[in-house]
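Both complexes shown next keep chain A, but they swap its partner, so chain B is in the first and chain C is in the second.
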Partner chain A sequence: MSKLAFGLLNGVAWGTVLALLSSGLNVVFGLMGTVNVAHGSLYMFGAYLAWICFSFLDSFWLSLIVSPLTVGLVGVSIGLLLKPVRKDSILTVLGTFGITLVLQGSALVLWGGTPRRVPLPFDSTFSLFGTGYSFYRIFVALVSGLVLYCLWFLVERTKFGLRLRASREDPELSSAIGIPVFNLFLLGFALGGALAGLSGALIAPLVSLTPGMGLRIFAIVFLIVIIGGLGKIWRSVVVAIYFSVFRGLASVFLDSTKGLILTFSLALLVILINPRILGRSSANANGS
Partner chain B sequence: MKDSGTSLTRRSLLKGVMAGGLSLVAGGFSSFLGYSNSPITIGLQAELTGGLATYGYWHLKSARAAVKRINAEGGIDGRKVRLVHEDTETDPTTGSRKMKRLILKKGAEFVIGSQHSGVCLASLPVSRRFSVPYFPIGEATEITGSEGHEYVFRLNCSVEAHAEAGYRWIMENLGTSWSVVYADYAMGQSAVEEWGSRLETRGGRIVGKIAVPQGTDDFGPYLQKVDPEQSDVLVIILYGPDALACLRRSAEMGLSDELALFGNTGSVEALDINFSGAEGLWSITNYPRRLKGTPDELMSVNRDFRDMVGINPWGRGPKGRIVDASHFWVPWEVVNLLKEAIEAVGWEGNRDHSRLIEYLEGVNIPGSLDYPQGDKYIRGVDHQGFHSQYIQRVEGGKLEIETELPPEYSEYKPNADQ
Partner chain C sequence: MQTEASWNLGKLLTVLVVVLTGFGVLPLFLGRFQVVLVTEALILGVYALSFDLIFGYAGMLSFGQSIFFGVGAYTILYSFKGGLGLAVSLLLAVFVAGIFGLLVGSAIVRIKGAKFFLVTLVGSILFYLLALDNRWLTGGSDGMVVPTVFPGLVENYYLVLGVSLTTILFALILVKSPLGLVLKMIRDNERRAGLLGYSLKKYKVMTFTIGGGIAGLAGGLYAYTSGFVSAGFFHWTRSADAVVWTILGGAGTVVGPFVGAALLTVVRDTLSAVMGNIYPVVVGALLVLAVVVFPRGVFGLLERAVGNWKGGSGG
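The block that comes next holds the complex of A and B.
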């Protein structure tokens, strides 16, 4: 019983960070219509910035501001680079994949392949069903939840969000009525990048930092966005938490590979049962 | 025709043409036979990108240093040595393709590497197909076991050799009930089988075998399966970022307070272990990270060896990079072993490979600047090398050598006859 409870709570805590990272991709993919394969590498870059802040400026907390700002700017640069091809989905995938390789290679050259670590900002732990659990994990879950709520508010309840969604639905009509579509495209990339940077900084004290960490997580995040539905922030959150909890529990009660197969099979089943998930979501991106 | 300005006559022209023709024929013939005075080409399969990029970085430095030293001293049998390398990207499919490239495009006559067992296993058929001697560094037992062949030699210990040397030490010093967390791929599966079977044969018990996918960030669900009341030791068979993540989570969950922790070679390899979660971790290694841990008789040659590769006495190189101490010496030693073998048998080209192989089978290698890791031998029957291993412990954020396990401790029953 305690294993089940631990798995549930731990899954929710991890799921919220995964949801935060997915939401960044969802903004760019779901709301801007661009598959940013470099999203995982932006997350990696955010995590390394946290390591730099800790190692050279002696302040991990600073990275919670530096990472989203810096990675947000990198996101804008990616948006600018993609300007000539942004209407061609194949070329944007290829372009952002190239950017992934550049970012990953640069990280390897700059910081080497040695896994880096950032110490936990809070050393203290509490007993969760008889197992030690760091307070920092709870902090990460709370911050992620708060940022996700703010993002939902921004996209669903503000004029900015309305314009963002409108420019995705019908760019030409939006442009005709005076919405600056390309500027919104850049802002979308900035927002997506900032969310990736923040996720990376938040997670840095909990994982080992390597240049390949972004590419590894991208497949999961992409799947979460697809199943959750493009442009649907809260549905992505639910899928991310499902994924994290289910995979965690499956790993406790089955062996790791079977757990992973079962988790992905169920996800695949959802897509097979509802194959129109992608099209329907993009057609009705109302954020339900 | 005579010209005061030149000495070109019909006779001299004919002489020149004949001489040129003869040298072309002779050159072509000797090249056909595989003999020439051209440089000897050694290939290196290195993980320069991907999960094992730290290893490849050092392997390349080590091989380059060895080649530089040999060339500065006149080469091998008067022939220069040329090192060519390819990046496997830590991927078996790419690694095998790069092996072909090393042989077919870059003319490698011998190939060293890779560190990744999956890459090595995928490259073994390429080595056999093109009859190119191959010196893999990956540790999976099968490389010199069921999958090995006559062209394959491994100088460093296999997973089975680590298990053979280490299991008794753990049983005698740490405990007989183990929970094992292992990487769910060739190396990890091979290791858990080797360690586990030996423990159980001697009356020990595996409480739990916990497979973890590569690249796991959240170890919580996996470490939950560890039962501290039933186990004495948590054996960690992981490498790089996974090992680091596992150690940190073990500390957070309080497991490191309740159990002794023991890691395979990869668990501390090239990692900064100066953090509370790693404190007290025992592990097995082929070579001490810090010069201080080297046996006295090898101290002087190792100081020189480290200087030539660019590693300080604390095991760090340029920009503070931490060396993969357990394996970085292998390319250096293989290059030197090739020099020794080529000169001993008078190897001139690929046609002489069989004589070179015969020489290597059962060769005894004394510790020296050529072989700074120490005394070792290659078993003739399966081409597996055996050497001293060390038990080390993280104390005060540093790796301290606790004991040396001599080569004979590692020797296990051969699994194949090459």
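The block that comes next holds the complex of A and C.
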């Protein structure tokens, strides 16, 4: 019973961060039709920035501002770099994959392959079935939920969001009526990067940091975005929580490798048998 | 993307003779270490070619080639354990990996573009995790030793050379055949090919199967020459290697993947002597550069240079 509760609670806490991370990818992919493979590495970069803030500036909290800002800037640079190929989905995948290699490789050169740890910023716990459960996880879930709500508001309820969605639906018409499509493209990358940086910083005290932490999570996050539906922020939140609760429970009752195998298989199965996911793809994500 | 140097038979024969002689006498001029390096580069070239057929000719961005590479490698292991000879084992590796290609291909060819990339990436990760988890079958990350007697480095080199040239010849015939033309049409304009009545699914599955078989052949050769297999053969980074080599060498050409694999094997080797960690950064930067500046790879650049020099329509 306590195992079940732990699995559920961990799943929800992880799920909100995954949702935050996937919403960042969703802004770039779902709303702009560009797949940023480097999204996972931006998250890794955000996590390492948290470690730097903690180790050298002695303040983890600072990273909740530093990480999104810095990583957001990196996101903009990626957008600028990819300007010539942004309309070709295959070339953007390849280009951002190259950037992934650069970011991951640089992390290895700069910070080494040994796992780094950031201690919990506050270590108060509450008792759950006789075992301590950290408040920090609850804090992470709350912050993620709040940011997700702001993001939803930004995309669905503001003029900025309207323009973003319009420029994805029809880039030519949008630029004809005066929407600065390319600037929005860069802003989308900034937003996506900032969200990845924030997710990385938030998660840093809960995991051990390695340069390779980005790519596997990218696969998970991309699966979530595709299963949830492009451009649908709330749907990918639901899928993210579902995904991580399932994985949490599977890891508790099996072991972590078997849990991951089961989760990935199920996700692939959902994609392969679901005609909605197969059939509808964004204009730019369609073929070479 | 659609350019094809016009080869006539005489030119082809000349090139063939030069290449054959060059590679034939190469071991005479190389030390033991370089022979191993060239052998490895050739195997990896075959592996990259398997990706190129799927991506460069049929337009499917697959990050799943390591699945078939791994399957081929383990087929060799168990075939040797079962007492079969090298030739039969290699054919078996092609066959088994081809079957896997057929199965995986049939399940996923309907998926398009970036989603195809995702599904094959996750497939790669899944096979790697399965290989890690089933230690009894794969030996996990520690791997297993392939029970074989080595005839010698130079003998291995000639074996690999022979297999590579056969594969290249097969690929050349394939891409010049009517099937190859249909594939290129699918890559360049999928909708038109479908409207003309070509069964996209059938052709794509066929390519995926052939690509799987060739990747299995490369995996088998790799397992045989290194005498060792492990779950790491399935790791997605191996899939990514094939992608990077092909893009840098020149996608949509038969020789490009070999150029890319050879160049990067040399680069990796040179860099590891200087600073081992820097290799991924260099490769990543080259990939970005290739995508943004020269999407047709080194071979494409060469082809264009030759074309300009001849003043013809080669580039």
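One rule holds in what follows: the second predicted complex is superposed on the first by the 267 of 288 C-alpha atoms of A that agree within 3 Å, B and C clash if a C-alpha of one lies under 4 Å from a C-alpha of the other, contacts with A are read in each partner's own complex, and residues count from 1 in each chain.
The rule is simple: contacts are C-beta pairs under 8 Å (C-beta built on N, C-alpha and C of every residue); 3 or more make two chains touch, one makes a residue touch a chain.
Bear in mind that the values here come from a model prediction, so they are computed numbers and not experimental data.
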item: Which of chain B and chain C A:216 touches, first, second, both or neither; value: both
item: Which of chain B and chain C A:95 touches, first, second, both or neither; value: second
item: Touched partner set for A:175, first chain B, second chain C, both or neither; value: neither
item: Touched partner set for A:158, first chain B, second chain C, both or neither; value: neither
item: Partner chain(s) touched by A:183 [first = chain B, second = chain C, both, neither]; value: neither
item: Chain B versus chain C as contact partner of A:55, first or second or both or neither; value: neither
item: First, second, both or neither for A:108, with chain B first and chain C second; value: both
item: Chain B versus chain C as contact partner of A:257, first or second or both or neither; value: both
item: Touching partner for A:206 - first (chain B), second (chain C), both, neither; value: first
item: Contact residues of chain A, present in both the chain B and the chain C interface; value: 104-105, 108, 216, 257, 260
item: Of chain A, residues touching chain B in the complex; value: 3, 6-7, 10-11, 14, 104-105, 108, 112-117, 119-120, 125, 131-134, 203, 206-213, 216-217, 244, 247-249, 251-252, 255-257, 260
item: Chain A - residues contacting chain C, complex; value: 29, 35, 81-82, 84-85, 89-91, 93-95, 97-106, 108-109, 215-216, 219, 222-223, 226, 257-258, 260-261, 264-265, 267-268, 271-272, 277-278, 281, 285-288
item: Chain C residues touching chain A - in the complex, by the definition given at the top; value: 59, 61, 107-108, 110-115, 117-119, 121-123, 125-126, 129-130, 132-133, 187, 190, 236, 240, 243-244, 247, 277-292, 295
item: Chain A-touching residues of chain B, taken from the complex the two chains share; value: 49-57, 184, 210-213, 215-218, 220-222, 224-225, 240-242, 244-245, 248, 252-254, 270-272, 275, 319, 321-322
